[in-house]
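Let me begin by handing over the structure; questions about it come next.
Chain nomenclature is as follows: A, B and C, assigned in order of appearance, with residue numbering initiated at 1 for each chain independently.
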Amino acid sequence: MHQPTKLQDMAQAACATLARLRAEMPRVHCITNAVAQNFTANVLLAVGAVPSMTLSAEEIGSFVTEADALLVNLGTFDAERRQATGIAVKTAAREALPWVLDPVFVDRSPARAEFARTLIARGPKVVRLNAAEFFPLAGAEATPGTLAAFARDNNIVVGLSGEVDIVTDGARRASIENGHPLMARVTAMGCAGSALVAACLAVDEDAVRAAASALVIIGVAGEVAAEKSQGPGSLAAAILDALYNLDAATLRARARVTP
Amino acid sequence: MHQPTKLQDMAQAACATLARLRAEMPRVHCITNAVAQNFTANVLLAVGAVPSMTLSAEEIGSFVTEADALLVNLGTFDAERRQATGIAVKTAAREALPWVLDPVFVDRSPARAEFARTLIARGPKVVRLNAAEFFPLAGAEATPGTLAAFARDNNIVVGLSGEVDIVTDGARRASIENGHPLMARVTAMGCAGSALVAACLAVDEDAVRAAASALVIIGVAGEVAAEKSQGPGSLAAAILDALYNLDAATLRARARVTP
Amino acid sequence: MHQPTKLQDMAQAACATLARLRAEMPRVHCITNAVAQNFTANVLLAVGAVPSMTLSAEEIGSFVTEADALLVNLGTFDAERRQATGIAVKTAAREALPWVLDPVFVDRSPARAEFARTLIARGPKVVRLNAAEFFPLAGAEATPGTLAAFARDNNIVVGLSGEVDIVTDGARRASIENGHPLMARVTAMGCAGSALVAACLAVDEDAVRAAASALVIIGVAGEVAAEKSQGPGSLAAAILDALYNLDAATLRARARVTP
C-alpha cells in the first residue's frame, strides 16, 4: 500500500501533474460516447496526452495493452461499446492499467445503472459522476457521508462534479471550487473531464491526488476561458487554448481546494 | 382540434418560444447522424434544452419516455439507428411526444427515401428538409402548392429550408427570410435546426408556430454570428454564442417572416 | 499512361486545384473514424467540396456511385466500417473513382495493418500516412528511398506527413515544408488532410499533383490560422476560416515545395 499523500498542497500537486502530462505524453484509450469523442480527444491533446478511441472487439485489446490509462464512459452505450468494455477492462486488469468509469445518464436507464454497478465491482480507480448519477448507483443522495461510504465500500475513489467537486476515497477528501457555470452549456465537458482524470492517473498513482488534479486543471482552464468567451461556442475553443497554455503560476493562484 | 394561431406575430411568438425553452429546459432525444451529434447537442444546450443521443435498443425506450420531444434524422443511417427509430417512434406515439423527421440525403439513396415515406406515415409533427430531399418524397418539385398539398395529404407540418424557409401545414404558411449563406458551410447546421424544431415542439403545441419559431431563432442567430465571423470555423462557434445570448429585442428587430 | 506533370510549379498547381474545388464542388464520400467525422466534413465544406459519411451496407453503394472521390480512413475501424469499405472500394473500382487510404494507427494493431495491406492491393490512388504508420506496412523505416520503392511496388502515390511532407509515386517527388506544429494538437487534422487529398483527386487526375496540392493547401491554411490562434481550440476554428478565405496570392507566397 502506498502512503497516502497529504492534500494540503493540492495546487502544487496539480502543477506537478500537468508538467508530467506534458513531459510523458501518456496514451489514454477512451471508450466514450459518440457526442464526446472529438472534444475529449482535443482536451487530451491540449494537455499533451495522446488519445485513441477504437472500439472494435478485434482491436481494442491491442490499443489498451499499449495505453497508459483507460476511460470507460457509458454515454450512447451500445452493443459494440459493451463488448469493448468487457475486453478493455479485462486487459486493464492484466496490465495493471488504471481506469476511470464515467456512468453517464445512469439516472435515465435502469439497464445502464445495473451495468455500471457490475463495472464498479471490476476495479476502476476512479468513478466520476454527478449527483443525479450517484443516486441510482449508491441508493442514496450524494452527501459527504454517502460519498465516503460508497468509496470505502467499493474500494474506489469517487469524483463528484457539481458546484463544488468532491474527490474522496473514504479516508481523504478534496473539495474543489473551480470551474464556471458556462461549462455546463458545452456538451461533453464532464466527459472530457473524466478523460483528463484518466490521463492524470497515468502519471500519478495516487488516485485521489490524480483525480483532484484533473478537476482543478479543467476547472481553472474553464475559468480562464470563460473570461475570454462570449458564450458556450467560444468557451469550447477557449478552454482548449487555456489547457494548452496553462502555467503553474495561474494554476497555483486560482486553485481553490479544501479538504 | 386546437385553434390555429395567427402567424401575423411570428416574431413575438419566437420570443415567447425562446423564453419557454430557457425556462422549461425540455429534454430532446436525438437519433441523429454521427457527423451532427456534437454540434446538435451544443445548439440544444445553447438555448437551454437538454439533449440525449443514446441509440441502443435496450435503452432508447427509457430515454424517449423521459424526453419532451424526439428528433429522427436519417443521416449516416444504419441498422442500429433503424432499430432505434422503430422503438423511439412507437414510444413517442404511446407518450404523445411530438417528433420531427429530418430525411437527410433521401435524394442520394432510394432505400432511405422509402424508409422516410414509411416514417411520415407514422405521424411526425414536422418534416424538415430541403428542396432536393422533398422531390423523392413528394414526387414533385418543391413549390408553395406542392408543399401545402404534401402537408395536407400527410397531416404534417413541412419545414422547407432554402434561401427562404417555408413552414406550412397546408392551411397556414410562414415564409422566413432569416439566415446567412455562410451557414451552409458548417456541417450539421440544418440537422441542428431540426433538433431546435423538436425543442420548440416541446414547449409549443402549435407545430407551425413552433417550427417557424425555431427557424427564425436559428436564422437570426446565424445572421448575428456571421457579422462577427471570418469564415465557417468562427461561425460555428459564434452561432452557439448568439443562440445563448439572443434577446427578444434582437429577435423582434431581425425576424423576417411573412405569410 | 498520362504524361506526368512537372512539379516545378506546384504552388501554381495548388492554386488551380483550389479554384477547381470551389468551382466544381466535388462530392467526397468519407469512411472515416468517429472522432474525425465532424471536423473532416467542415474542412471539405470550407474548400467548397460536399461531404457524405454514410456507412451502412444497404446505402453506401448509392452514395459512392454518386460521389467524385472516396476516402477510406481506418481510425475507429469496426465491423460496419469494414463491410462499408468492401462495398465502397468495389464500387469505386467499377466507377473508376479515385480513392485515398489513410491507415490510421496501423502501428497499434496488427489486424489493422494486415487489413490495410489488402486494401493497398485494391488500388487506392494515394496512401496518406505518417512515419509510424509506414513501418508496419512497408517493413522499413520511412526514407526517400523506401517511400519511392513502396510507391512503385504498389503502384500508388505515397503521401507521408511529418515535419516535411513527402509525396511520391516512385518517379516524381514533392517535399512540402508548410504547416505548423500546433496542427498536431488538433484531433483529426491529419484525417481531414487525407479527405482533402480525396477532394483534390476529384478535380485533378494527376495524383502526385493532387496530393501535393492538398498538403500545400492545408499546410498554408494552418500557418495562416496559427498566426491568429492562441492555442489548439482557436486553431481548429481558424483553419476552417483560413481554408475558406485562402487566396491564390497567399498560397503562392507561402507554398514551400521542392522536388
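Quick note on the criterion: contacts are C-beta pairs under 8 Å (C-beta built on N, C-alpha and C of every residue); 3 or more make two chains touch, one makes a residue touch a chain.
Keep in mind that this is a model prediction, so the values were computed, not measured.
A.B. asks: Given that chain A and chain C are copies and touch, would you call their interface same or different according to whether over half of its residue numbers are shared?
C.D. replies: Answer different: the two copies use largely distinct residue numbers here.
A.B. asks: For the identical-sequence pair chain A and chain B, what's the CA-based rotation angle in degrees, nearest 5?
C.D. replies: When the C-alpha atoms are superposed, chain A turns by 120 degrees onto chain B.
A.B. asks: How big is the gap, in whole Å, between where the Cα atoms of chain A centre and where those of chain C centre?
C.D. replies: 34
A.B. asks: Two-or-more-chain contact residues of chain A, please, as numbers and ranges.
C.D. replies: In chain A, 34, 38, 236-237 touch at least two other chains.
A.B. asks: Contact residues on chain B for chain A in the complex?
C.D. replies: Residue positions touching the partner: 34, 37-38, 41-42, 45-46, 51-56, 58-59, 62-63, 66, 80, 236-245.
A.B. asks: Residues of chain B touching chain C in their complex?
C.D. replies: Residues of chain B touching chain C: 33-36, 38-39, 75-79, 105, 108-112, 184-188, 229-234, 236-237.
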